[in-house]
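Notes for the one structure printed next.
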Amino acid sequence: MQKIVTFGEIMLRLAPPGFQRFSQARAFEATFGGGEANVAVSLANYGETVEFVTRLPNNDLGDACLAVLRSHGLITSHIARGGERLGIYFLETGAAQRASKVIYDRAGSSFASLQTGCFDWKSIFAGADWFHWTGITPAVSQGAADACREAILAAREMGVTVSCDLNYRAKLWKWGKPAGEVMSELVGLCDLALGNEEDAEKVFGIKAPDADVTAGKVETAAYRYVCEALAKRFPCLKTVAITLRGSYSASHNTWSGVLWSNG
Amino acid sequence: MQKIVTFGEIMLRLAPPGFQRFSQARAFEATFGGGEANVAVSLANYGETVEFVTRLPNNDLGDACLAVLRSHGLITSHIARGGERLGIYFLETGAAQRASKVIYDRAGSSFASLQTGCFDWKSIFAGADWFHWTGITPAVSQGAADACREAILAAREMGVTVSCDLNYRAKLWKWGKPAGEVMSELVGLCDLALGNEEDAEKVFGIKAPDADVTAGKVETAAYRYVCEALAKRFPCLKTVAITLRGSYSASHNTWSGVLWSNG
Amino acid sequence: MQKIVTFGEIMLRLAPPGFQRFSQARAFEATFGGGEANVAVSLANYGETVEFVTRLPNNDLGDACLAVLRSHGLITSHIARGGERLGIYFLETGAAQRASKVIYDRAGSSFASLQTGCFDWKSIFAGADWFHWTGITPAVSQGAADACREAILAAREMGVTVSCDLNYRAKLWKWGKPAGEVMSELVGLCDLALGNEEDAEKVFGIKAPDADVTAGKVETAAYRYVCEALAKRFPCLKTVAITLRGSYSASHNTWSGVLWSNG
Amino acid sequence: MQKIVTFGEIMLRLAPPGFQRFSQARAFEATFGGGEANVAVSLANYGETVEFVTRLPNNDLGDACLAVLRSHGLITSHIARGGERLGIYFLETGAAQRASKVIYDRAGSSFASLQTGCFDWKSIFAGADWFHWTGITPAVSQGAADACREAILAAREMGVTVSCDLNYRAKLWKWGKPAGEVMSELVGLCDLALGNEEDAEKVFGIKAPDADVTAGKVETAAYRYVCEALAKRFPCLKTVAITLRGSYSASHNTWSGVLWSNG
Amino acid sequence: MQKIVTFGEIMLRLAPPGFQRFSQARAFEATFGGGEANVAVSLANYGETVEFVTRLPNNDLGDACLAVLRSHGLITSHIARGGERLGIYFLETGAAQRASKVIYDRAGSSFASLQTGCFDWKSIFAGADWFHWTGITPAVSQGAADACREAILAAREMGVTVSCDLNYRAKLWKWGKPAGEVMSELVGLCDLALGNEEDAEKVFGIKAPDADVTAGKVETAAYRYVCEALAKRFPCLKTVAITLRGSYSASHNTWSGVLWSNG
Amino acid sequence: MQKIVTFGEIMLRLAPPGFQRFSQARAFEATFGGGEANVAVSLANYGETVEFVTRLPNNDLGDACLAVLRSHGLITSHIARGGERLGIYFLETGAAQRASKVIYDRAGSSFASLQTGCFDWKSIFAGADWFHWTGITPAVSQGAADACREAILAAREMGVTVSCDLNYRAKLWKWGKPAGEVMSELVGLCDLALGNEEDAEKVFGIKAPDADVTAGKVETAAYRYVCEALAKRFPCLKTVAITLRGSYSASHNTWSGVLWSNG
């Protein structure tokens, strides 16, 4: 790769230390997290040249977030500054039978209030060969959805490969248009889609016959069905990846994946 | 006193440990604070029976705040639950020449979105003989200002003494009506007002001739002037108190006060 | 339930952080614990109205304990203050093959030195429908045993259901009378008894034929035997519950239970 | 010096971190402290050979205390093990106008319950040339006072110089005999006494005319008066030292001293 | 045992707290560790009289290390002071599939620069009946190897039993002579050798036919072969012990051992 | 400024938390520090474009240091990787009368072992207009001194302004040539020199008549004398700056400065 670009919201993550409950916490460990930033940092750790694009408030919390992104070696030169606040999520880590808890406090964030025209995508994609986004971005607000579409179109025009992690979050889609409608247009412009069976069913109504999405064990045939159905619906998709997380307890999970290639 | 009631917003306070800058923080110490809650806790520490009234979100952070209020022995039975989020402020503690910094993140809080009718003031003031509020509450939103007026009127009707800390914060007054107009009506219903010379000047335009409010040293005659002018404007005021903070450095302050009594 | 009352000693618990040994500790995490207080807090977390009755020293440690009880929403208005000291126990958390260690330092505590007449049980049980105590309380001292009997009699007289966790601790019973004699009188006044097979055997000499109480696996018939024998000895018992903890390592336990109902 | 011996109680000191109040503490920093142990460690830090003699409980807390004493290079081979518990004191560090607070929880300690015959003073003083004790030891209990007298007599018999820090603590002297009576006998066997004007006045009724012991500033003549009066009362005293602590705030003290030598 | 002596390097161990990566660490937990010191402390914990011999720099870090050794009750009176620095190793604790990482920074340490004649072995072995060393010591430097040989010869001459943990570390042997040559001479002077199959193979070329040393499961016959081959090569060996660590993950290991006795 | 370049060693700084002594520390706070890196970060905080050039070991500690430099927004693209270890210094923070202590452990560091030809100075100074170095760099080793000279010559050739902080450390100059000889050549190539009176005296033997360098208060005439003498010795110097630190206690210092301009 020459350069990989990811785009999305990054939030302040506040978590009680260890396995403390929210009700016991006298302090929160502060880190920054977001699906697209996480992908950017992982790729940088593997030695890739990666640029992360987002919008941060013009205050000390935005500066602190920027410093962390830079520490990981990401290119941060097109990160926009402005808006009212940094989105926050509070995380209580689960243990054994007690599940983790998340309290989102991201309404009105700098990222949610961005508009098209905020980023110079031509500059951003100069020298890039891959662009990655997730379904969280268009879910956040109309402005974010519009900026995401703008980015995808610019990437395609410049010959940059586009990948999408469907990442459906029902609670986020509140700004008006349904997820299915917005995502259909955007995924229809991508080369690779990544998700799980729930994403495919909830966003696009694609479900393998007889598959039980909560069981965590789906047969190979069912996966093939989902991948092929996605590729049929969105002919530009050359690759579909499905991730599967099995959850035994709050601290014991298994991971596996399926890769379908139209070749 | 039989029972003292205070009413106002309480927020999550997040502060880097020690004298760390925001840019260095990997954790925030979490406490809860607000002018009216602070007064309530102090009075309870002196052995008074105190009820604190506010509105908290119906989530674990609201629960945690409630537990802290209860731990101080406050009556919390009329605290309303609802709304979107707990207001937050981030505090970086100053040192020597470096001043403390505060980042407010309180927009859209559960308290800011409250409405009249939210609290049963008749029940709250039953058995109470003092009600205390501050100028922050009507500054937060129209709903909060209306609820504050509702509380003051109920208190007066039930013969409860009403005190007000003017506490002017220019940055907060954004919901439409000017501070002077709103506060004039509310302070006009109080028995005691408390503030500093800046409050009197910025909210009511009352300024002692030749007083320099930033110098931190004002003559006795000037204080008398301000107190008498307040009492003239608001005839119901029987007592006026002025607090004076002298600031030598971020960690060296002096406190003094003036009490004017109309009697 | 209208109101549940629990009564017993609460101690300061001092534990080295994480898995540190006592010999490595430079700090102790400080919490407060006791079987009856734990039950009270759990019930309050489930939404019940719960009052906890105990005796605390009239110093800052007693105040700190009281604040924690209040933070959990317990009614604390009948907690007595007085005596010499707060009981303490030091806990070193075990790991793998290394068992946890406890050092008790509870002699001469405020609770151990209480007397009958210390609590106004009529007020306490007004509006209550359940009273819970454990076998630790009468073990602590003659005064505590007498106060416990006083409480049970008052509860019965007022029609309050009484439950007892047998909780036999051989090391505690030092004040003169044998556990069996004291407990027989008290359990004979209860509606529900709760314990494990060891409690039944050590306190009352009730043992299922051929049961090996250390194996952690006892047959259904043996449990039935113990429950029926307890109910025969104490005809007022309408319900008997047996808890069973299996211990695989210091950090791996299993829990199960048996409920026997005389209906 | 060949070897210096000090003898006294050492306790577990539990202090909230930083300037936290007892009511805020969720953890206590754990160290071990006692006047005689502190002197021993300081002398060892100056390179002296020092033995510390005390009695510790035979549990993990006693072991932990012993390990700390050994880490400072003290000889610990005559420390007795036994008794019920390690004495504890809780310390809340003051700040500015707020004074430090101490809660003593030392009743029934291993040291308080020691008896004469517990230590082999002949072995202990073999090769020693100085023995130091303080007025806290005979205050703790009759047994401790007796053991202290036993030690002083053994030291004198073996030609070991004996020094005493008067260190009067009114709250401790509860076991029967008055401080003045006990201390008079013991100080009468010493070569050097050390204290402040309050000690001299409260224990022996020696007070310079017109000296105000709370002012922190006493004239040279007054000090001379106190020293000479002590030396007159106890002719064996060849040296008297007076320490003076001036207290400006909880964190600002001054120290000075006076040395009077009968030579 | 009357007294056990161990001899080797002890280093400052710096480890990020918990499972933090080096890249995340803002602090290091500081302890001191080394194979021979660890053995000494364990034996002291079992109640043995143990002396530990090493060389520490004459600075505060050396003092701190010495204090820790003393706290465990070790005899430290022959520890030499001098040289340039305390060796350091940084440890990142692994988790699940991620292995632990160690960064050694021990070049030029006080121990590595020691010479023969540095220790008075006659005094050290007076009253001793066992001497233990490991293969790390002669690997560190020629001076350390020479001092180790000097110690072993002195021990043998005084009738002290000598044991050796082979503990082969390929990365350390850099000072010139090959491990096999040096170790052959030294092990040939011992009564007991301890190691694993890899040590035997890498240092002495002794390998059981068909044994796969990485599999962690070797048959009894193979162990016997290794033990007998070692005893044949070094006739002074009366006992050979083999330890076996099975590694399931970074935090899940199993331990077992084989003892072969020439009796 | 277009771009400022600084060059020097950066070390791992390990400091016990708060005011703990080395002998009390169970953990060290880990940061990275060096005079030239500190200047670089400060300038970046003021908004300048700054590149920092150094050499770091190719291990996780080097990576961690690099991440911190990047987090401050420095250009780090010419930092060389290689050598044996990261230099370390241990810092015990003083308090009141107790001075801070530093233990240097920097021998054999990656920076100390660098050679000329290690850096591509033409690339580094492209687009730069200022180069800053300090007297620590040539003191570390001959290789570092040679690289420093190489850098200064390249800067001059490219028209880049060169500044030097004299920063004399007697303990460091051990590699052969005397400080005065090496520094004379290098300062003779600079536009600006910065230092205190001790630097001028110890390195160049320049001392104002009757100035007492330890008093911390030197007259204006003396400063002028030192500045003019430096400018006379090194005619290329257009500006000389003198810094003055007054030290009242370990935690109370004053700073002032003198700027002399040859214009």
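In this document, chain identifiers A, B, C, D, E and F correspond to the written order of the chains, with residue numbering beginning at 1 in each.
Following the convention adopted for this analysis, a residue touches a chain if its C-beta (ideal position, glycine included) is under 8 Å from a C-beta of that chain, and two chains touch if they have at least 3 such contacts.
Everything numeric here is computed off the predicted structure, so don't read it as measured data.
Both chain A and chain E are touched by F. Under the touch definition stated at the top, chain C and chain F share no contacting partner at all.
Steps from chain D to chain F, taking the shortest chain of touch contacts, total 2.
Here B-C and C-D are compared, and the pair linked by more C-beta contacts is C-D. Of all the chains, the one whose CA centre sits at the greatest distance from that of chain F is C. In the contact between chain E and chain F, the residue numbers used by both copies make up over half of all numbers at that interface. Between chain A and chain B the centroid-to-centroid distance comes to 41 Å (mean Cα coordinates, whole Å).
Inter-chain spacing, taken between the CA centroids of chain B and chain E, is 66 Å. Taking each chain's centre as the average of its CA atoms, chain C and chain E sit 50 Å apart. Centre-to-centre spacing of chain D and chain E amounts to 44 Å, using the average Cα coordinate of each chain.
Under the contact definition stated at the top, the residues of chain D that touch 2 or more other chains are 26, 67.
Chain contacts here close into one cycle, and each chain has exactly two touching partners.
All chains join into a single ring; listed from chain B onward through chain C, they run B, C, D, E, F, A. Within the complex formed with chain D, the residues of chain C that make contact are 14, 17, 21-23, 25-31, 59-61, 63-64, 67, 84-85, 88, 90, 92, 101, 103, 105, 107-108. Contact residues of chain D toward chain E in the complex are 67-68, 70-73.
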